[in-house]
Amino acid sequence: MINIEELSITFSTFHGKVHVLDKVSLSVNRREILAIVGESGSGKSVTAYSILGLLDKNAEISNGHIYFDEEDLTKLSPNKIQKYRGKRIGMVFQEPMSALHPTMRIGDQLVNVIKRHRKLSKKDAYPIMLDMLKDVHFDNPEDIAKKYPHQLSGGMRQRIVIALAMSGQPELLIADEPTTALDVTIQAEILNLIKELVQKHNTAVLLITHDLGVVKEVGDRVCVMYGGNIMESGSVDQIFESPRHPYTKALLSALPNHVDRSERLQEITGEIPDLKNRPEGCIFYSRCSEGKSTCTEKAPACMQVSEAHHVYCWEVHS
Amino acid sequence: MNAILRIDQVSKKFGLFSALKGVSFELYEGETFGLVGESGSGKSTLANIIIGIHPPTEGNIFLRDQAFWEKDRYCYKTPGNIQIVFQDPQSSLDPRMNIRQIVTEPLIPLPESIRKEKSSHENLCALLQSVGLQEQHLERYPHEFSGGQRQRIAIARALITSPDILLLDEPTSALDVSVQAQVLNLLKDLQKKRNLTYLFISHNMAVVRYMSDRVGVLYKGDMVEIESERNIFTAPNHPYTKKLIASVPDIANGVV
Amino acid sequence: MKQVIIKRLYLLIIVLLGVTFITFTMSHVIPGDPARMLVGQRASEETLQRVRENLGLDKPVWVQYLIYMKGLLRGDMGISIRTQQPVISDLIAFFPATFELAIFAFLIALGIGIPLGVLASIKQNTWVDHVSRIFSIGGVSIPVFWSGIVCILIFYSKLNWLPASGRLSIGLDISTRITGLYTIDSLLTGNFKVFADTIRHLILPATVLSYAQLATITRQVRSSMLEVLNQEYIRTARANGIAEWYLIIFYGLRNALIPTVTVVGLSFGALLGGAVVTETVFAWPGMGKYVVDSISFLDFPAIMGFTLIVVVGYMLINLMVDLLYMALDPQIRE
Amino acid sequence: PKPVQQETPEAPAEANGNSNPKTITIAINADMGTLDPGVTMDNMAWKITYPTYERLVDFDGASTEVKPGVAKEWKVSEDGLTWTFYLEEGHKFADGTEVNAEAVKFSFERVLSLGQGPSDTYNVIGEVVVEDTYTVIFKLQNPFPPFLSTLAANYGGIVNPKVMEKEENGDLAQNYLAGNTAGSGVYQLEEWKKGQYIKLSLNPNVKTKPAFETVYFKLVADASGARLQLEKGDIDIAEGIQIDQIEQLKGKENITVIQEPSLFVDYVYVNSTKGNTALTNPKVRQAISYAVDYKVIVEQVMQGYATQMRGPIPDGLWGHDPSVFQYEYNVEKAKALLQEAGVDKLDLTLLYSDRFPNWEQEALIMQANLADIGITLNLNKVAYATMREMLDKGDFDLAMGVWSPDYADPFMFMNYWFDSNNHGLAGNRAFYLNKEVDNLVREAATISEQAKRIELYNKAQSIVVEEAPYIYLYQRDFVLPISKGLKGFVYNPMLEGIYNLAEMSK
Amino acid sequence: MDAQLEIKAESLAGKKQKSLLWYKIKKNPMTILGFSLIFILAALALFAPWITSYDPIKINMAERFQPPSASHWFGTDEVGRDIFTRVIYGARLSLGASITIVVVAGLIGSVIGAIAGYFGNWVDQIIMRIMDMLLAFPTLVLAMVLAATLGPNLINAMLAISIVKIPVYVRLARGEALSIKKKLYVVAAKTFRVNDFYIIIRHIIPNTITPVIIQITLDLGDTILLVATLGFLGLGARPPAPEWGTMISTGFKHMLEQWWYATFPGLAVFIASSGFNLIGDGLRDILDPKSAR
């Protein structure tokens, strides 16, 4: 479906060039939910934006390709990529309030998008819009269509955002932290909704989150990112049951979930190194508890530990 | 165990909307009381009433029988005995003040002598040390720190008056997992060292579970359940509590 | 909606009271005796005294104020000391001219300013942006008295394209007065010759006046467009495949206009009271000239009348801005 | 030659207005207030009222003498108290009513009972008696030699008694007349577009039709605008053109510049009793009079369109004394006088406003001039209304001033300027006090024999020139650019800014 | 026992801010242009006595109305003073007056606005109603009436303009205060029970200062024009002091013959006003956190 190969992205800023993504490779298949996890600033969103050509103006794809059904999206003109947006690739953002136009009725926002993707008149788009609202579990679509975003609750808004993203019947849905702003109970609903839509429309999903719980809940496969590199990828079970990368392990043990109340939590000391001067070797080395001298010399190569379970770590190599 | 803080039938209305509907419970000395509930259930409102930001519509707060509110006036006269740490470390520090100014701000209403003593350089250094910061950080500004460090600064600021009670309003929700671990560890250490009493507000069940001795569940302004940590997670009573616990996605299947 | 209007009206009264009181007291402590202006400088003391009494100028200021306010309730703004005619009739004579000029200037400014602002924002930091900024900064920076006379020299003296002064050519007449706005009245009465003449007279002063407005509008539109275009919902809409031009106009501009409305409304209010220089240069028979003359004559009733009308105009515009705001922004509507 | 109008087919009608020989367009630079002849003291309004009303007598052509107006002849009693006027028949108001003795009586009584500015002049009138339809008698309370001349002034206009039908709450139709005319003059007010123009049309009952049937007074506040319009031929007369621009206009083919001596004088009040104490010393005042460079002012500021004054009564008015002493620019003498007066450092203020553009230049020149003799002159520019208030109170050391007579009698200068009863704005703005001068001018005001009066005034003049309570700067020339085709305009120094519209043509 | 967190980078602090600022300024050629214009004007004003040998005040009737030439770059005026000299000396007055006006209005306005926004309720109501009045007041009437009351001189004109300008800052500061008072650091300060004035002075005002400064620079252009307009209406500086507006006002009457008289001071107004506007626009782009990156 989508296949990202060795993608590197650089931002030019006033301090110089920041290498935010470094040779990231991943792929998502139809009906599959790939979750990307990692802490703040690890490059999750940048990866997502790069697919749709929504990167900021100061970004540059310095290496790699993004294949979407054989077409390299990185090579497309802005006009061409626009044809993909919404139509073949849908996107859901984190903040449901700010993702909706505050002064436009819900119905109009949906109709605008449907009109465009299905080349319909406003009138013809209307019933389709109502269906879409029903799809995302609104029982009274007519009423909802007349409302403005601020008249809806966070969960409702997020469902609208999903409806918007699904309205072009995309083959790939990118969801960038779709539930971070929501309550746990509502989060559960939304995640279920996404799962349901995937089943129904055979959509592939790229789910970005930093909540390992969410990953576990809905993900099929996981990519763990750190500092613009993939650290480890594999099926949900592989990652949670037998994490191989020190970072993944540290991440899991920093969670208070299964720690006894009397125990201290595992901390990951230090910070992500300066992305301007990425170290020669492993990016996680400075915070790694298992690091050794080879780690500083060369970037770790991809290591397949079992089927579809890849780790980028020298420690695992040995 | 001694009840140090008593929340007595506290109700709060914003216009027609009832944010709190007669909430009562007690905080025992040295414990951590976890307060959970969905967004908008009134958790922060309760903390705000305790700390004196909003007056309660009804009810009162007592600290060892001393009432906090007289009508709409906050009359608790010991500034600094209760402190609060907010969720967002970014916006809880004034970007135009340096760390020294920020940390010593709670001392301003205190008597001259105490202020002098507490804001002495040695004292400040010791304080920073205790939250894992360094002396040289004193003259720096908030934007020069990471999220976890900022939350430490906020904690240091809360501690400078040597409070008995610390209200923690979602102190780690804005932080990454790795940083969250640091802050939670710090809070635990401090509690041990200083015999602090915590009111720990969060909607992250795992965190609440890890931190709290007892847990109260707020639902639409009502305290629907107060139980020990163990009971609430293993045998929730109220349907909302059940739903809450069920919706928490977790890395392990089954129980949280 | 109704509440907003009522609240505004009630505010209007408070503000009016305050403003009239300040103006009244201020204009009464000015050294200079209006009675003297009226009777001529060489008049004797008795004549002066008699005229003062007639005008009620011998009473304490607050009594005069009360008398004035009482008259105002009956719609009587007093008699102008200078023109010896009811202030209200003077204002009726002068206000429409100012209003017409202001409206035209405003329309020109909007017509150019909005597209220019949008263009500058989507081409931020390119030469388009720079040129539009220089152009619009020219508007706030070039003194009107200067650009006015230069326009007259070029378009009247040298090119002979447009008339230099007044609202209408002498000899032409607008017989029926309906609104007092010549453009509208002439259209209503089907007098196209007058209409064309009026427009010709309007072009220069309206353009000169609009130039200063243009800057405010362009800059406001540019900066709010920049802000709006950075919003998440624009990114969402873009990600949903909305076409770029549609996005800019129907998603972006629509919201960028909300803050613009306020700024523009306020500046229109200022226009009503502040076109004095333009009116002088183009011999435009508006209120600006009237008030300058009134002030130098210490004609209190006229000054008061002018102040009142500007304040009311300003408040009404504010009300309109609020209503527009509500129309544009559903969040405020509730 | 200017190919003016026909350039654009739909050329504005204002161009037609000008090429039309029956229409005249005059650019004025300020709108006017009330048009009621019994109220207005405003020269601007007089432009309208003078041709729309008639008076018993009128100024004769360019002369300051009067000629018959409505009155065909008149006589005055020996004691100067009773004036009898015989009216000419056939003068009619615009509505057809005949002008008769009743109308005259009505008009003068109206002025008196309105009690506004114009009434001041006629306060001497004890009674107006209608002898018969065409004879009216004025009984004065005391002899007042200039009386006849005052009747030719604007406020002597005869108002149609029918206006009383328009009276509102006892205002003697003041409100109506503010915006309408009701006179028997050649013209009547047809339309007044506030801030734009005033249109006069013919009085239908006029005996001889003038060349212009329509007169427009067009408001063009900005003098540059007026000038451009005159150059293009859109208007016939442009008022208010800066003196500095006249030279340029003279060169234009389609423009004539009228230049006549006027009775309009520019002078400086030297506060002789209420200002700086040094100024009470005539020597100091003289020193100041010597210090001013009259030549520069006349030749540069006024571009030569003025003559240095000689004595208070201007040349052209009877009573002017060509032999009276005239100060000249003499720094040495000025310094010497100051020394004599024992003054070596003096700080004075000069009060003026933006009313006349040349004031500032003159102020700057005087500042420089006085600096040369060691006097610091601080310029105090205030609003005109404020200036008048300060003048009235004597709150200044020196102040710029202008004066022009309302009627043709040295009384307008000598009695107003020097009589200590007139201290303040009324006329004696220098707050000059000299008993002898008081007596001289007061006596001159009560006797009717002109030669005797001249003698008394001459005596007074030599004193006041010597004592220098005023700096007698210059007498202005009347300068008016008009379009070349315009004929018949006669300037009368008593009617500054008023046009003999009925005699003009093009 | 605690993890020792490394401070991000030692050098980050002030240097980072400065270099960022510089970087942004460099990216903004218009701002540089604005700064240069003002800098040149200020330098001319400051070093006027060394730049020109003429006296700005002393009259010289022999040189009256000379057109621009090598000896008089901008020509001379109606009493023979060198206009170039008067323009550069005039910069002292005109710029000085405008800056004073705006800074005074900005200071007073932001304090009042901070108070209104912070306290809200009736304090806010009263203040904002008064501001409504001031805003509704026709600027010119206020200025002229004030000038007529107190005398038409520069100080009173300045006072009038300051008063007129205040509401803008009050609104701005109030808006900021409304959002700042909801910031957690203010809420926190309240929980320490420090008093309200401390909060206003330490938290609210310092944090409103950036938009106020931007507004001040933008307003400067406008104010120069307003001062000039009042000068044009005869309410400016006292003669013989050189002030642009007054010069334009006098020169305006000579526009047809002595075009240079009004044109050069007009040009000076234009340059100063554009300069400040460019700076203001630039600052808005530069200091606005949203335009970061």
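Letters A, B, C, D and E mark the chains in the order given here, with residues in each chain numbered from 1 onward.
Just so it is clear, a contact is a pair of C-beta atoms (placed from the backbone, for glycine too) under 8 Å apart; a residue touches a chain by one contact, two chains touch by 3 or more.
Labels paired with UniProt names: A = Peptide ABC transporter substrate-binding protein; B = Diguanylate cyclase; C = Peptide ABC transporter permease; E = D-ala-D-ala transporter subunit.
Note that the coordinates shown come from a computational prediction; the quantities given were computed from them, not determined experimentally.
Listed here as common contacts of subunit B (Diguanylate cyclase) and subunit D: E. Seen from the Cα centre of subunit B (Diguanylate cyclase), the chain whose own Cα centre is farthest off is D. Averaging C-alpha coordinates per chain places the centre of subunit B (Diguanylate cyclase) 46 Å away from that of subunit E. Spacing of subunit A relative to subunit C, judged by their CA centroids, is 54 angstrom. Averaged Cα coordinates give subunit C a centre that lies 38 Å from the centre of subunit D.
Centroids built from CA atoms put subunit B (Diguanylate cyclase) at 33 Å from subunit A. The set of subunit A residues touching two or more other chains comprises 267, 271. Chain contacts: subunit C has residues 30-32, 149, 153, 298 touching two or more partner chains.
Annotation for subunit B (Diguanylate cyclase): residues touching 2 or more other chains are 146, 182, 185.
Taken in their complex, subunit E has these residues touching subunit D: 58-59, 61, 64-65, 78-79, 147-148, 151-152, 234, 238-240, 250, 252-258. The residues of subunit B (Diguanylate cyclase) lying in touch with subunit E in their complex are 51-53, 74, 79-80, 83-84, 86, 88, 91-97, 102, 105-106, 108-109, 131-134, 136-137, 140-141, 144-146, 148-149, 152, 154, 157, 182, 185-186, 189.
Residue ranges of subunit A in contact with subunit B (Diguanylate cyclase), taken from their complex: 39-40, 154, 183-185, 187-188, 191, 210-214, 216-218, 240, 250-252, 254-259, 261, 264-268, 271. Of all residues in subunit E, those touching subunit C in their complex are 27-30, 129-130, 132-133, 135-141, 144-146, 148-149, 221-222, 225, 228-229, 232-233, 248-249, 252, 255-256, 262-263, 266, 269-274, 277-278, 281, 284, 290-291.
Those residues of subunit C that touch subunit D in the complex are listed here as 30-34, 36-45, 47, 50-51, 54, 79-80, 82-86, 90, 93-94, 97, 149, 152-153, 156-157, 160-161, 163-172, 193, 196-197, 200, 280-286, 289-290, 293, 296-298.
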